[in-house]
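Written out below as structure tokens is the structure these notes cover.
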Amino acid sequence: MPQYFAIIGKKDNPIYEAEFTSQQGQQGQLQQGFQQNLKELNAFILHASLDIVEDLQWQVNPNAQHGKGGFLRSKNVTNIDNCYLGKVDHFYGLAITAYVTYGGMKLVMIHGGPPNGNTQIDDNMVKSFYQEVHELYVKTLMNPFYRLNEPIPSPAFDSRVRALARKYLNR
Amino acid sequence: MSQKIILPSTSDDGVYTQSDGYEYTIGPKQSLPNEANAIPTPSRIYSESLIYRKQEVSLSAMAFLFQEMIATIHRASSSAQDFETRLNGYGYGIGTRLVELLNLRNSIPPNYSKSSTFLSNSSSTSVNESHGSSGTGTGTLSSASDHSHHYHENGTESLAAVISNMKPRDLKILDILQFVHGTMWTYLFGCASDDLVKSSERDNEYMIVDNLPVLTQFIPAGRSCDYFTCGIIQGFLDSAEFPCRVSAHSMPQGELDQRTVYLIQFDKHVLERDNLRFGS
Amino acid sequence: MSTPTQSKSLKTIGEDTWKNKTEKVNAELFTLTYGAIVSQLCADYDRDFQKVNNHLFSMGYNIGVRLIEDFLARTALPRCENMVKTSEMISKCAFKIFLNMTPQVTNWSTEKDAFSLMLEENPLSDFVELPVDAMKQLWYSNVLCGVLKGALEMVQLDCDVWFISDILKGDSQTELRIKLNKVLKDEVPIGED
Amino acid sequence: MTVRMLLVINKSGGLIYHRSFEADVDEGLNSNDYLILASILHGSFAIATQLTPKALQLSQSSSRNIDYTVPYIPYVGMPRGRTGNERTKSTASTSQGKLGSFKGDDFFKEPFQSWNRSGVRQLCTDEFTMYIYQTMTGLKFVVVTSQGTLSPANPSSSNNIFNIHVADNFLRKIYCLYSDYVMKDPFYSLEMPIKSTLFDKQVKQMVDNLV
């Protein structure tokens, strides 16, 4: 099942976008990406969820309400990981997950699902993917020639993100 | 005339070509079928670990570089104000990098950094050593250097893999200031700053005190040269979404005639957010 | 009794001075500051990398003429009689005391008046990857050449210092070349001979 | 026995720093006179290298045996009570700033070679004694003391070589202060007079520690 992934800068400008497809298409036919008409919608779906992300990012435990059990809802749990926001939105069966870095960059992804049912998110895998891409972003940022909020055209970055997608998202 | 929909992504040809990276004018590219076995494009910064190697240089070297930077900026600036803004700009970029780097490094489980990459997988490390040295062609291991550069893909360079939970993002003004006062100051100048004080007059003002600024201790009346550190603080806080203005003021106190106070004035909406979200 | 400073080798002097007599700072602060300078220069000269190289060289020269005083005050080492001794002084003492690194001295010229320094680890270039258009022309660590030129000139050694290769440009190693043009005899302070 | 004056002369003989430590001593000389004094000193220093007496010149040819090593005299010009590792309890940052870019409780700990082989090192008159320390880059540090020697520990001025060594230790530390507070000051241009208040303060402190 395909994903549309984007890193959104401080002025809601995308600095990196990519589409990932699962390796083994059903019974060998070319893996299918998003249906044609959906491809154009991806950017809009993603940007629609940015407002939710901007609200969630200031909550003490933003990813607590994902059925992680009631006891986690206690107010004073402040040391839990609030970078990964989990599933923040959905759009007709497509799930949207998000992750905010320390420098305010938003990593957002639309998970395409099987045509009828809605998509199941494996939180651990998605979170690991986000964490590794976050590290790649920090390595990009540390280069003195890279200016904040600039698109990341580096093929090295792109090939590594796709490798991570294969490793974590499309087993 | 067949209605051909313009495909937002142009990756419809099945043949795998070496990915030439994201082109923002074109938009997202769909990953290709036979990409699985492609080795990632070799790159220096992505194959090196972000782990803190505790490397040091002499204060003299830093002081000389700093004074030459100051001299260069001074020659190019028209007024004191212009000088301070430019110098702030140099620091700002560093601040924006440190907020990501220091928080990421803080997420690494303590035992990991102690055992460091060399112990946790020593077997593959010995491979690194030999591989590393043959890679540099000189054949001789760089004996003097107590760390060697790993220029190859072997997975040990990714820190995120060992991080189970990222350090939580600081949401409150006090938390982010504690981070600046403690972790960032220790990273930059070797020890925490001498004080972190909330101003009594206005509630959006906080002060970080440094009795002897490391970088400007040799510069007479060096306060305007402290705008480099102001830039680092401002870059750090702006990036973490706590926009503010930072200024340096000389506040001598008895023996400490180079005592400097960094005044941090947060924007109004940061205050509102802080009260709204976490108000008492 | 043989004078202790002579018997102690330059290597031990360098290491001892570095360990016990030099205040240190985090190398990454040094790296990030230098990175900010270079990227700002590239913007100011809108990517005319030859101009950036020259500007870095002259910044280095200004540092070198001052840095030599720090080195001499700190070590008070006697004047080097020849370029071989000078190369030892630079690689084992100077680089160690200031940047905590010891470049290898190689590729001596036949007349022993020129040699190369192999910089294995270079604190200036951590985290750095040159943009494609800078790959051909920009010598990222050119400030080092200026520092060496300035410092050597202050001890009456007129040298040329330039980069031969740099791993940032994709070469296999970083090599810096120093060639002695002439000893400025008449500028040797009176009272030394 | 006190330090009455300190001069710093650049390699071309120009006076770049002058400080007298006794209020009443120099009402006669104005700053211009000091400039002239410095260039005369620079000139005579050079001439003196040719005037070395025949005997000394003979032995100079085999100067290997003349030992130019200056022994390390502990804590010359350092704050009193610096025994071993007594460190003020100030926080790390201020104690770190104690010796600027130098570490430990003294600028250097070993004997060192003096670069000044054939120039003037000491000038004794009945009024004062002048010591000169010249660096490899041609910078001269001159200290003028009243009769006798710099260090109270050895009041009798008979042992001249000891006085010279104390002076060299002291002046090399002034050279260290110069390398920190003048060379690392971006607003100082080379060969120009030193205006740095920090350098002044550090020098004053070191002279006070001497007494």
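Order as written gives the chain letters A, B, C and D; numbering starts at 1 within each chain.
As a convention for this text, contacts are C-beta pairs under 8 Å (C-beta built on N, C-alpha and C of every residue); 3 or more make two chains touch, one makes a residue touch a chain.
Please read these numbers as outputs of a predicted model, since none were measured by experiment.
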From chain B, the most remote chain by mean C-alpha position: D
Whole-Å gap separating chain A and chain D, where each centre is the average of the chain's CA atoms: 67
Rounded Å distance between chain B and chain C, as computed from the means of their C-alpha atoms: 27
Where chain B and chain D are represented by their mean Cα positions, the distance between them in whole Å: 44
Contacts with two or more other chains, residues of chain C listed in rising order: 22-23, 32, 36, 39, 66-67, 70, 74, 127-129
Chain A: positions in contact with at least two other chains: 139, 142-144, 147, 154
Overlap residues in chain D, where contacts from two or more other chains coincide: 96, 100-101, 180, 183-184
Listing of all chain pairs that touch each other, if any do: A-B, A-C, B-C, B-D, C-D
Residues of chain A defined as touching chain B within the complex: 2, 4-6, 14-21, 23, 30-31, 33, 36, 39-40, 42-43, 57-60, 78-84, 100-104, 128, 131-132, 134-144, 147-148, 151-160, 162-163, 165-166
Contact footprint of chain A on chain B as seen in their complex: 5, 7-9, 11, 14, 18-24, 27-31, 33, 35-36, 38, 40-43, 45-46, 48, 50, 93, 96-97, 99-101, 103-104, 158-161, 163, 165-169, 171, 239-241, 273, 277-278
Chain D residues within the chain C interface of the complex: 11, 45-46, 49, 67, 69, 96, 99-104, 107-113, 115-120, 134-139, 172, 175-176, 178-180, 183-184, 190
List of chain C residues in touch with chain D within their complex: 3-5, 20-23, 65-70, 72-74, 76-79, 154-155, 187, 189-193
Residue ranges of chain B touching chain D (in the complex, touch as defined): 58-60, 63-64, 66-68, 70-71, 74, 189-191, 194, 210-212, 214, 217-221, 225, 256-257
